[in-house]
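The same subunit A turns up in both complexes below, where it pairs with subunit B and then with subunit C.
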Partner chain A sequence: MGELLEDPPAAAAVDEPPPRPARALPGDVGFWTFIAADASLFAVLFFQFSLDRSSHVSVFNEGQRELLVPLGAVNTLVLVTSSWQLASAVRSAHRRDMAKATRLICGTVLLGLVFAVLKVFEYHVELSSGHTISTSSFFMYYFIITGIHLLHLIVGVIALVVIGFRVRRDTGSPRELVIFECGASYWHLIDLLWMFIFPLIYLAR
Partner chain B sequence: MEAEEAKQVRLCALSGALFVFLFAFGWGFLGRNIPPYLPSMPAEELAAIYRDNASTLRIGFALGAFGTTFLVTWAIGLFRVMVKMERGGQLLSYAQLIGGTLTAFVPMFACFFWLTAAFRPEQDPAIIRMLFDLGWLTIDLGFGVTLVQYVAFGIVAMRDKREKPLFPKWLAWLGIWIALEFLVELIMPYFRSGPFSWSGLIAYWIPFFLPFIWIVAVTVYMYLAANRLNEEHESATAVPVAGPVAS
Partner chain C sequence: MVQTRRALTWAWITLVAITVLSFTVAESSGIAGDIETAIVIAAAALKGRVILVWFMGVRSFPLAWRTFFDAWLLVNATVIVVSHLIGHG
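Our next item is the complex of A and B:
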């Protein structure tokens, strides 16, 4: 986001394009409505979870003991690393180093897939131990909240694959950067949501 | 857009407001659906409510079903505005039109099921409850066509290249988000209580009230868009006057 801090040119030459207006948000401003609405939905889910938890603490604690916390911790690390890679990819794209940006996007996609595979494995373990969506209100929230999050992640992976191809083609259009920033913002949202999901569902007692 | 068509589009826009009013008053208020009865309510209790309030329920659901007509006229008006925005064909405009037209059938049929329950409320409570369930499952799970409408509109509205777009980008994205949030309804049939049941926060309050707000907002911008498209048409067809033209 270095370009946001640059001073506007003091006296632009006549044939220079007008200075880019300082933007408050990366990507498309309208897209942030989507991000805000999505974040609000999760906020509501977290609120409902906490509300139900406060009235059935023992049920929730009992359910939580059945979760694979180390796997959740590994996935946290995976997502944080992926976010960091993608942020570096955006910086590279701003520097017009598209080859490096593409490599970093590939890395992010791979880490996203690692997250998804670990999550599916985790579901497999839970389901084969007899825990389903209707076992208890804890497992209802566990499967629904992490399931909706996983769907977000899958959409994010697909979006990044498409963006990766576009970045590699390197058309030089500023619109491409805006699309890339939108995708990256969405990916950071996925990461941020997990930062709430992991402590709330896996750790909080 | 010619003046005559702009006038028709404005009327279509207003019909969206009429839908919101008729449906909220008929289905919501008279139909006693705000808040809805719980899916866990015993059949006898539900049948007693239908018996005691049969008259208001009948007029409510009849009005609600009729009100959905104006979702169709609204989608037609929106289609005409979208045609003037869409680049590279009209596929998405048609997707919106057909999605919007079919959307009207979803609450309409749901109202018919509830109306059938209120028509003979003295019958077996189990049948009343079955019709009641059918209404809710229809209105909650018929979102697919609405998803097509909202997403098609969103894509066209966000790609509007005008310096000041006819519809704000946030409205386009909000519609897309609402449409995707409808997918949560897929898990609704698993629950008879809690936030994911048809009376819950996630499956009722959010997916039922946000679309109403969205429709009202789109209605306002559609009305203004008709005026702007007419102005665009007038200025494009105006005979050039000799001498410099201001702005």
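Our next item is the complex of A and C:
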């Protein structure tokens, strides 16, 4: 925490936000409201999936057997590793080691792209096997939930590319750190959501 | 809240270990469906907690936000497990 309280460069003094209280959200409160709303939306989807599954167990189990579970597991490892990289990048940025933070952001972006490529390959395999959004209620949920999640991930990758360039410029402005923390929190949300999507859709029987 | 490098690395190792463990449990054929579901969803909630605490720094959040995210984890896990138990019933 000590590093957080270091004096910012004088050039950034005009841009400096008020000191953060002992208990505060990283980034921006408004952005956290968006994160909470987004998490709630997924909670509703998980609830609806679970409700429908309880009335059509055999349909959901049959659909689940067609999924590439090891690929889902690999993607879980990819996402948790990306989150670790990004949390380390935030730490580096707080320590004013912007070169390392930029490298770690690049690593996170690459892992995000790996996730997206594996997911597109998975969709290709499912579609080639004749499983579409209209095949069954299971596949409807599969494509909708994982599709919305993939969309979130793509937005996250784009945001991190932009943030990576800003961090690399290293203006020394505390506002840059706030933007970075918002982006990192969004990426961790994507990871958090996948922690439930993977077992719910691929594993739980 | 910014974590130490060691704490972040341990969090990552924990996440990898739980993922491998829950995948192994789910792929093993000798476990009943409802028990398997309870294990993999409990593992998901545990991983969610690790992400919230070590990567997102939830412990330094104001009480209302901490409560929201704790409730989010608990409600999701409970709804999924209970609905699976009803389905098996």
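FYI, the second predicted complex is superposed on the first by the 184 of 205 C-alpha atoms of A that agree within 3 Å, B and C clash if a C-alpha of one lies under 4 Å from a C-alpha of the other, contacts with A are read in each partner's own complex, and residues count from 1 in each chain.
In the analysis below, a residue touches a chain if its C-beta (ideal position, glycine included) is under 8 Å from a C-beta of that chain, and two chains touch if they have at least 3 such contacts.
Nothing here was measured: the structure is a model prediction, and the numbers come from that model.
Asker: When the two structures are overlaid on chain A, which partner does A:45 contact: first (subunit B), second (subunit C), both, or neither?
Answerer: The first partner, subunit B, only.
Asker: Where does A:177 make contact in the superposed view: on subunit B (first), on subunit C (second), on both, or on neither?
Answerer: neither
Asker: Touching A:145 in the superposition: subunit B (first), subunit C (second), both, neither?
Answerer: neither
Asker: Give one of first, second, both or neither to describe whether A:160 is in contact with subunit B, with subunit C, with both, or with none.
Answerer: Touch status of A:160: no partner.
Asker: Determine, for the superposed model, which of the two partners subunit B and subunit C contacts more residues of subunit A.
Answerer: When the residues of subunit A touched by each partner are counted, C comes out ahead.
Asker: Determine, under the contact definition given at the top, whether A:133 touches first (subunit B), second (subunit C), both, or neither.
Answerer: In the superposed model, A:133 contacts subunit B only, not subunit C.
Asker: Between subunit B (first) and subunit C (second), which does A:199 come into contact with in this model arrangement: first, second, both, or neither?
Answerer: Second partner only, subunit C.
Asker: Could you look at A:89 and tell me whether it touches subunit B, subunit C, both or neither (first, second, both, neither)?
Answerer: Touch partners of A:89: none, neither subunit B nor subunit C.
Asker: Would you mind listing the overlap between the subunit B footprint and the subunit C footprint on subunit A?
Answerer: Dual-contact residues (subunit A): 32.
Asker: Any idea which subunit A residues touch subunit C in the complex?
Answerer: Against subunit C, the touching part of subunit A is residues 1, 3-4, 22-26, 32, 36, 39-40, 43, 46-47, 50-51, 53-55, 57, 69-70, 73, 76-77, 80-81, 83-84, 86-88, 90-91, 94, 185, 188, 191-192, 195-196, 198-200, 202-205.
Asker: Subunit A touches which residues of subunit C in the complex?
Answerer: Its residues touching subunit A are 1-5, 8-9, 11-12, 15-16, 19-20, 22-23, 26-27, 33, 36-37, 40-41, 43-44, 47-48, 51-52, 54-57, 60-63, 65, 68-69, 72, 75-76, 79-80, 83-84, 86-88.
Asker: For a test of understanding, state which residues of subunit B touch subunit A in their complex under the given definition.
Answerer: 158, 168-174, 176-178, 181, 184, 187, 190-191, 194-196, 201-202, 206
Asker: Which part of subunit A faces subunit B closely enough to touch in the complex?
Answerer: 28-34, 37-38, 41, 44-45, 48, 52, 133-134, 137, 140, 144, 148
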